[in-house]
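One structure, as structure tokens, below. Some questions next.
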Amino acid sequence: MYSLTGLKLKNPTILAAGVLGTTGASLQRVAQEGGAGAVVSKSIGPEPKKGHPNPSMLKLNCAFLNAMGLPNPSYQEFKGELEIAKASANVPVIASIFGGSAKEFVKVAEGLLPGKPDAFELNLSCPHAEGYGAAVGSNPCLVETITAAVKEVSKLPVWVKLTPNVSDIRTIGKAAEAGGADAVVAINTVKAMAIDIESGYPLLGNRSGGLSGPAIKPVAVKAVYDLYAALELPVIGVGGVSGWEDAVELMMAGASAVQVGSAVYDSLDVFSKISSGIEAFLDRKGYRDVKDIIGLAHEMV
Amino acid sequence: MRPLNVSIEKVVEESPSTRTFVFDHRFESLKPGQFVMVWVRGIDEIPMGLSSSNSITVQRVGQATSKLFELEAGASFGLRGPFGHGFTLPSSEEKVLIIAGGVGVAPLAPYAEACKARGAKVRTILGARSAQELVFKARFSKAGSLDITTDDGSEGVKGFVTTLLEKLEVSEFEKIAVCGPEPMMAAVFNTLKQKGEVSRAEFSLHRYFKCAIGVCGACCLDPYGLRVCKDGPVFTGAQLLDSEFGKYTRDASGRRVKI
Amino acid sequence: MYSLTGLKLKNPTILAAGVLGTTGASLQRVAQEGGAGAVVSKSIGPEPKKGHPNPSMLKLNCAFLNAMGLPNPSYQEFKGELEIAKASANVPVIASIFGGSAKEFVKVAEGLLPGKPDAFELNLSCPHAEGYGAAVGSNPCLVETITAAVKEVSKLPVWVKLTPNVSDIRTIGKAAEAGGADAVVAINTVKAMAIDIESGYPLLGNRSGGLSGPAIKPVAVKAVYDLYAALELPVIGVGGVSGWEDAVELMMAGASAVQVGSAVYDSLDVFSKISSGIEAFLDRKGYRDVKDIIGLAHEMV
Amino acid sequence: MRPLNVSIEKVVEESPSTRTFVFDHRFESLKPGQFVMVWVRGIDEIPMGLSSSNSITVQRVGQATSKLFELEAGASFGLRGPFGHGFTLPSSEEKVLIIAGGVGVAPLAPYAEACKARGAKVRTILGARSAQELVFKARFSKAGSLDITTDDGSEGVKGFVTTLLEKLEVSEFEKIAVCGPEPMMAAVFNTLKQKGEVSRAEFSLHRYFKCAIGVCGACCLDPYGLRVCKDGPVFTGAQLLDSEFGKYTRDASGRRVKI
């Protein structure tokens, strides 16, 4: 059992927000069949949102590109999905939420409380949703205010998810810490774009979007490394994890746990595979516990 | 995978509302029932079953399909795929029952042909609103025997595919493959259930697709979270028992919508 | 012949700064044997610098990671290399320069003038050199001042190379424009890191560094696209170009020419291959000129 | 390519200043003359020729090599490679002349063995400062005939490798392979040039390496810009004619330094 901001996880792998998190049934499946130690829902907002027009996600050579545009059925409808997930997943269920202001974040958080999420993850980092996500999350003042506002309306742990598209991610991490966050999550997708050269059209319906998958792992490692050194809070690592080696690398950079998003493309049980891979690695190297490797790179000088 | 750029070689008017677009790329490894994502540039990207290794057969319903209907030979669009699992192919000598409704013919015509090529015996029940909406009659009859139903009785038996199905001895078919509008498939599902034959029948489902590669979660079915794009679109009746199938679907935002 | 800020290029591919640009002989070889339309030198500074300890560059799965640390022999010594390159390369030779202040930039630029570079490229973007590069280049005021200062001391075209590690690269691009830049170059490497899980040590001698190669192409496409829309200046695209398709994609995003760095790993004549690939593409599609495709994606709506 | 983590199986003291580190990974495809980048964690990463498919032979000169000398069996370091082009192998029956100075023996010992294994006739001139600095005598004599020179005359002929080389009928050798300190290689180069035999001789060069994969440009030779790490480290005499070889090298900043 791993303890993370008070939640008990059977292993340190967590489903990342926006991936297979649209329905309670899907969250349940990722936990049960996939073996995730915890699951994060799709980001939920104040109003139903269809998201950007298709194409909304593509596999590129070393990465995935997406601009879903935060499609979600609103907190009113999602509350029920949360209940389903809670009833059947048997692992902590974290509600990812978004809004354009502290008021909206609070409205969504309060609206979802009856669904009994185990924690909130604040999406202050989506790179392609005007007025939401990174648009808000690049501003340290807003990050602090929003974090504090959500902390105020419930006793649940609050994780703040950060964008790498800033000059120095530590500034934003510190704002989250000042706002009372229980953990930071790094990183959301990296601003990116691809163009179809046969037609000249941008490949995404939204023209540009966010990069995820293997290509961004080195960016995530750097962000986690910097945040670990700068903050007191636990850092949850996400970005390009598809095997146990990636998870170990992020942990050595300072991640207390890792989230996995795009790699569900390879297989749903990527979570089981990663967590048993981590265990085997700890055994082989004679570490007693994941704690021995969290932040290890900071000591190797 | 970046979308392939394909050019239209031929447009075939199959019915007033349905056209086949034959393009200049062959998906040689196509398993009938697999689909592609059709990128109508500047508009939308939508799922379409492959009606042969180099064609899609499209019913005009809204913006993207209407835009497709404006395209003529020489025009091009983008294609990602093929994706998903197809219908299970029979071994030679097996008997196959195909139940197709409306544009559900698209993945079933190549399936019928593949069954015949393997030496299986194919019987098709083809339903449509009216005679002029019947698509691929020739392909199905070439592949085996064909029964027709139309809602208005303008051709074949008046009624629904279930009108015929109810009377059929289904147990003699080793494979049953179904595709059509969900209410029609739900009716078939119930008929087969009553006959105790639903578990091994296969149904090709439609849900709202975004990523089409099993990542985003837009197309998940209750209560097991099966992804129509990746775990399907073809599911066995056993997988669909006690599911949302026939009851509700979800729109692009993830809200439930009654079927 | 392509014209770019007044320089005549035989093709629109340019050797990127810091790659095979330490000696005049090497610049000459990339031009002659490699087929580059122009070459940019290693970034040259006011004092000799050994750079960071090794490992200073690694090939990762989809990318390259480096932290060279701006090794250079200083402008005094490099002037001679520039003369060698100018004498034998037969293509425009651009001197990349860096400094910690406008004064230092000016000192280096003036010091190199006797070597007769065809243009200056200002490195305001290296992500792993304390007090230089991105440390300066994330600040719009400094970017404007430095650009203006270098413009003042010579009539040569000045290209300003930008870092993607900012919230909005357009702000920096506009500062360069305001300072009188003749072109912007985007992007330099993306802040990144990798850790050796067997030992826990960061893989680079400098611990962290910059990501280049295929992984960052979608980031470069987005930066070029945004800059093209925001600026009047030509944008020179760089980041992950290894084939003609990549070059065409960056051009459709808005690049007037492309630079190639890491892909010299595959072969030196990547420049010839890319430029003939572009020509063949233009022919096949019936475009008369690269101008037909520069920025094309902006028109496809 | 991320560095491989290798463990030391054995440390062999070859001379007071030279040790061989045998490690637990075999580079089966090694072409003698190829090198690896040895990552002495926390210190530096430095190039080393492979002295066999699973060893490096290191002369202690500065910080990284001294750190290596502190390591014992069981300790580990990182390895990237093998990189670069090796010496050209002879066909059977060919005659090979090997000229090795100091730690230049490292890539030449496996070369001698590979030559012998192919049936070639190997003759080695091995030079060192003194008897105790002679490394791999046994390996070279097992592979063919061996002549020794020492600066102080403590073993073999007193003098340099060129002392012997000058008297040799070099034209009878189809292959000539040279590795050692640059002043020694330059002397060999000049001797061979006088004999009109330098073009086909092969020399393994040392330059300051950073990337080791042909990208950064740290190791380029004047006047053609050949990269020692990627186009070399083994070059023919023809490639080195009228070059910086023997005249100057560059330090880590790129400044020229006299040889």
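The chains carry the letters A, B, C and D, assigned in the order they are written, with residues numbered from 1 in each.
Simple rule for what comes next: a residue touches a chain if its C-beta (ideal position, glycine included) is under 8 Å from a C-beta of that chain, and two chains touch if they have at least 3 such contacts.
Just so we're clear, the structure is a prediction, and the values are computed from it rather than from any experiment.
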item	value
Remotest chain, subunit B as reference, centres from CA atoms	D
Whole-Å gap between the CA centroids of subunit C and subunit D	36
Centre-of-Cα separation between subunit C and subunit B, whole angstrom	51
Shared interface positions of subunit B, touching two or more other chains	41-42
Touching two or more other chains - residues of subunit A	60, 194, 199, 201, 300
Touching pairs among all chains present in the structure	A-B, A-C, A-D, B-C, C-D
Residue numbers on subunit D that touch subunit A, as the complex places them	41-42
Residues of subunit A touching subunit D in the complex	300-301
Footprint of subunit A on subunit B - complex, ascending	1-3, 5, 37, 39, 41-46, 76, 78, 80, 209-218, 220-227, 250-256
Contacting residues of subunit C [partner subunit D, same complex]	18-23, 25-30, 42, 48-51, 53-60, 64, 66, 68, 71-74, 77-78, 84, 194, 196, 198-199, 201, 203, 205, 261-262, 264-265
Sites on subunit A touched by subunit C in the complex	60-63, 65, 138, 165-167, 190-195, 197, 199-202, 208, 211, 214-216, 218-219, 221-222, 225, 245, 248-249, 252-253, 281, 293, 296-297, 299-300
